[in-house]
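Both of the next two complexes hold chain A, though its partner changes from chain B to chain C.
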Partner chain A sequence: MDRVRRPAAGGTVRGILGTGATMNNWLLAATAVGAISLYLMLPHGRRRMSQFGALLGVLALGGGFVELGLWLSHGPLAAAVAPAGIFFYVFAAIALASAVGVVCHPRPIYCALYFVLVTLSVAALLILLLAEFMAVVLIVIYAGAILVTYVFVIMLASPGGGIPAADYDRVSADPLLAVLVSFVFLGMILQRLFGGPMDGFMLARAPLASGHAAAAGSFAGLAALGANLYAHYALPLELAGILLTISLVGAVMISRKHEPVVRILGAADVPAE
Partner chain B sequence: MLGIFIAHLVFALLMVGMLLSVIAYLILLERKTAAWMQDRLGPNRVGPKGLLQPLADGVKFILKEEFVPANADRILFLLAPIVIITPALCGFAVIPWGGVLGAGAHLPGWLGGWTFPKNFSVMVANPRIGVLFVIAMASLSVYGVVLAGWASGSKYSFLGGLRATAQMISYEIPLVLSLLSVAVVAGTLRLGAITDSQASYFSTVFFLPAWNIFIQPAAFLLFVTCIFAEANRAPFDLVECEQELVGGYHTEYSSMKFALFFLAEYAAMITGAAVAVALFLGGWHLPWIDQLIYPGAPGQPLVTGWGGVILKFVVFWAKVMLFIFFYMWVRWTLPRFRFDQLMNLAWRTLIPLSLGTFLLAALFVYLRREGAIEHRGWLLLGNVALLAGTVAMNQLWPGESTNRRLPVFNSRYQSAAGVLRPN
Partner chain C sequence: MNLHGLLPEMIMLAAAAVILLNGLCPRESVRRASQWLALAGLVAAFVAAWRLAAPGQHAGWPLWPLATFGSLLASGVGLLAVLASWNMPFKDQPTETDSAYRGEYFALLLCSLAGLSMMAKVNNLIWLFLALELVSMPTYIMVAAGRGQSAAQEAGVKYFFLGALSAAVYLFGFSYLYGFAGSTRFSTIAAAFHSALALGHPPAIALIGLLMVVLGISYKIAAVPLHYYAPDVYQGAATPVTAFLAFTPKAAGFIALILVFNLTGWQLSSSLAGAVPALLMALAVVTMFVGNVLALLQRNLKRILAYSSIAHSGYMLAALALGPALSPEATRPGELGGSSINGLSALLFYLAAYSLMTLGAFAVLIYLEGQTGAAEDFDGIAGLAGEHPLAAGCMAVCLFSLIGMPGTVGFLGKLFIVQAALAAHHPVLAVIIVINAAIAATYYLRIVAAMYLRAAATPLTVRRPALALKLSAAVATFLVIFFGLFPGALYRQSVAGGRSVPTVYSAAHWPGRSAKRTAVGMPGSARAGLWAN
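Let's look at the complex of A and B:
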């Protein structure tokens, strides 16, 4: 890892901490603290633990945000990120907090609603990247169609009206395993993004690094998007279309009503009295 | 730049204020229309001709008791009215109310006499994805209904919420496809640009303005049907039908929380009407006499001064009001659908028809690009043929009738096992 390209901002935090922490170690530490806090927050039925976990999570997130903010405001992307300003942090914080809500809330319908909130704030983040089309499509498809179906199913499956949620909803099944797997995966992604040769947000960089004007022309332009999709990704697009059609037909086949078997009532069906 | 931003902000506040007062009077209009159609007088006690009735209604709503049922989910019960009113009011942001105000126009002296440094679109925001924004807001409005139904802890509300979900998801598909057909022909998703593209005349059919209702009547029919369903208006008001569900999803609501549901329904109506006017009915375009008002035919000045903007604004609102009257007219004319009829209409008729409309639109856009054909006349012909074909199919298709007679014996309507059994 080349420390030369590392922005000076890491140094500020390093100075505060008084350790030799690099950007990497700092983020990995934040990931680990986040994992512990999420584990504590996952519903065990112990209230105090989850409050402590929430506090820890806010600290980890806050630390991560400070580090990220300093890194961005001094780093090579500073000029590109500036227009997004405070909105990025606000919406990112909402997205992360409600993502925790999705996995931690004991009542499934609230989980689904938190999921809607995640979708909306991610859409806001996409708008900050000038990808309005992606943002609106995310809202229409996820919030408007898929999650409505979730809410529909949850409404049918879980009792409303003051009846407490079922045990399997109130206590998470395998919190340790889930947290371990997900955060090891997260740590791996962070390591790859910040520690490898690609150094930084490759996704965020593509539109931002080239400046907003260029981004408006290429990434968000609807015509350009369509042309690109059909010129370079025609086969995957068609395959996805065929897959969707097949699943549509399958859904119709599964849900189709079968003719009921007509059973002629016999003498045995009449209660003998 | 900041000045223009503030101008948009002020316009947004003006529009929200105007909207809420218009909604109050729409409720009066609805009651008066209902009375007129049923040969009654309607509200006529408060003020001259009952014109102060909305104020009395408002006071009544505020003074009523706020009631939360004992077994309601409190948080969601309070959240639902907020969730339903927010997207209903957001949809207004992208409606082109009055064309474009030219650069250099002044504010009147008593407002500071500020000069617009550049052209000002008379709308709150003009994003590239205007049509999609309208769709997104419409798709979010279902949450309020669903939450209200579930959180009330009442079976009537719950059934209303269930029906609402199924209905709104189903009718969203043809709605989106009909909007897409229009957008494909116009080549843009900005509502303002689509309106501007309608401010001309057919070159093949004389004197017919090139509004999208005349270019793609099938798409218009689909769109109107779907916004009726999305706004939960009759004949698609199964969600709140009194005979079966008391009040549907808002059975348990009272006071201002109930008023918010009411406001949201009317706001959705106005949004639907405004989108219909902007996309299908020519927006601010006043046919035939426009050449007298705006000299320089055939292309009209799309960018005007204050006079033009105010005239366009008035024309747009007049069309919106006519369309809203159409809503009320339909409500007192058509009976409510049965639930299976509702679903069959969406999935077996509207969705195939909207796919056909979309294919036609795409085909003629392609032909227009290839050779110089007049796509408008051909699209009109194609749409009429499509509608005629649908009607013919409906008559000839060997499907089962949903209204067939069922034998009682051995069906689920049989009163008790064995009672009707023949020996």
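Let's look at the complex of A and C:
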């Protein structure tokens, strides 16, 4: 998966909201800077400029967030996004930083773990949007099922015992092409979202404000799910807990190094049977 | 059913938790108490299950006799399994005095048995899935953790990945059943099947769901088409684990299949739906032949027993395909066996019989491993009768029972299935079962011949196996003969369990059925040509 970087814009509120405005140049520039910073950070096999790339990325991200915050707090969406508050920026920052980690870390297993972090923070963003089911499904499918498969493959395919990883694991293939394709695509999405007049896509979010209030009053979403689980499926839930405990015990048993039992648990104090 | 009905399972799981902690104790003498704790837990669970099996308990729960049969089977045979694995299977070196996994092993064993024990007490597809996986998950770990050898690792990986695949398949089937009925509750699904069958035939989605469930669970019972793993896994796993594998997932799978087909009301007889019992019958026949014929070609004892376990699944599938109906013209009271036994009673009896005799055979193999290093092929047991006459005797009795010789419990098991087949007007099936018993006799007798007629290839080095291990082989052998001569108690439990499964749908059989869906009425006399009759 490719990172989704910076819904950021250096543009002014007026520039974005103005009817008939085209994609402003600040946004284009921010995307380009992001592309350059990511290209610098991608593993090339030899260290060069990655710190500089990271610095560029952090600056662009921070600037983008400030711009976004200013724009949202004055626009017609202010009421809609107010309940999310600071959490949106926190989780968005975690998601973006982890996404960079996914593509930039030289060791595949860490990339997979960064991907878990991306999934979890995106799930948090979905919860902020009241899309709780989407959030749960995202975690179950991506962090649960797909990632376990990834990790299996990585474990089976990577050499152990201090042998350095193969070139194709350490160096990204065609970084320039990948960055170009993904950021051109990103630019197209940003053009659609912010480049034109405010249209139905953005305004559809506005009712969310009232949605928050309604959800708090009614017994909906995750709360209802939890109540249902404990009211009607209490025994299966307990059973699932036992199943997970067993799996955990099994994982420890199978992955533990085989050492003499005396060293692990303690000395023999009775003669052998 | 209230929580009181789950007492045996709660005892087992509590014992498992205690053993898990106990196994981490720094003092080895305390760790050695793990076996005793497991034994005590299972005895307590057996007593609890026995009390719950008394008449009048949980009268509102129609399948209660089947449920208590499962609990008694799990705790009773589980006792023998604990005794058989008294010498820990997971030692890295034979010279080590203890295994690091002592506590874990017995805790996993108890968890798996708890899953089997609660199998027939579930009333929801989700719960059924969790119970089935509670049976299987510990066995995956037990296979993979064994002996630190590459064979065990290979067996563990094969068993786990194929097991996950089969679980996915039958879970997919469950989702289709859910899509068909709109609920995961058994009562609602049964009502939906009843309505659909009364109107003609159930929609294809329900039948596809059923087929996927049969396919997925055929892995648990090691039946064709998902039997391929059995020989490799049985051979690669440590022998006590193999003994456990041969019985626990199979029993759980068969009880699960009974529950799933019970949802259909055993009334799949219309043109399209009739394919399901026909398929079951076909699977039974193919499984019998595949297991028995391939067992003829094996040299390794554990592989022979693996193929034999496949073949026995075939016999039990045949009994399942016969369904719960009693043949109306042939019920003569007071006749033991008689025709008062239906297919499911025969299945339950056979399940218990198979568990005892296969566990006895494996217990002797474990005993010989402790004695001679590895008794894996015919050479390893050649001349056994001279060196260890008692062990050879136990093995011979269990093998005779697996053949179905009169005087053993295996004979009665086959007899009941054949009787049920004849009563249900399936003489061809009865003949096929008898033919297969004859084929099976060939390879079982080959083992007996190697023990009694050949001279020992190598002098046997004597090590001292645990008394409990000898006890498990002896008790299993004793029970094989005892139930073969006096089947009363086992027979009563099996018949009660098999007869508790209703042959006609009635809303009264489904306590707590949601009031939303009212079943379309179906006259009781419309049972002509139902299920497989």
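Just so we're on the same page, the second predicted complex is superposed on the first by the 171 of 273 C-alpha atoms of A that agree within 3 Å, B and C clash if a C-alpha of one lies under 4 Å from a C-alpha of the other, contacts with A are read in each partner's own complex, and residues count from 1 in each chain.
Just so it is clear, contacts are C-beta pairs under 8 Å (C-beta built on N, C-alpha and C of every residue); 3 or more make two chains touch, one makes a residue touch a chain.
Bear in mind that the values here come from a model prediction, so they are computed numbers and not experimental data.
Trainee: Contacts for A:V148 in the overlay, against chain B (first) and chain C (second): which applies, first, second, both or neither?
Mentor: Touch status of A:V148: first partner only.
Trainee: So in the superposed three-chain picture, is A:V116 touching just chain B, just chain C, both, or none of them (first/second/both/neither)?
Mentor: Only chain B is touched by A:V116; chain C is not.
Trainee: Once chain A of both complexes is superposed, is A:I246 in touch with chain B (first), chain C (second), both, or neither?
Mentor: second
Trainee: Which partner does A:P236 reach: the first (chain B), the second (chain C), both, or neither?
Mentor: It touches chain C, and chain B stays clear.
Trainee: Can you list the residues of chain A that meet both chain B and chain C?
Mentor: 262, 264-265, 269-270
Trainee: List the residues on chain B that touch chain A in their complex, please.
Mentor: Residues 70-73, 76, 127-129, 132-133, 135-136, 138-140, 142-143, 146-147, 149-154, 158, 161-162, 165-166, 168-169, 172, 176, 189, 410, 417-418, 421.
Trainee: Over in the complex, which chain A residues touch chain B? Could you list them?
Mentor: Going through chain A, the ones touching chain B are 109, 113, 116, 132-133, 136-137, 139-140, 143-145, 148-149, 151-152, 155-156, 160-163, 220-222, 262-265, 269-270.
Trainee: State the interface residues of chain C toward chain A in the complex, per the touch definition above.
Mentor: That would be residues 6, 13, 20, 24-29, 31-32, 87, 92, 96-101, 104, 107-108, 111, 124, 126-127, 130-131, 133-134, 137-138, 140-141, 144-145, 148, 156, 464, 466 of chain C.
Trainee: Tell me, which parts of chain A touch chain C in their complex?
Mentor: 233, 235-236, 239-240, 242-243, 246-247, 249-250, 253-254, 256, 258-262, 264-273
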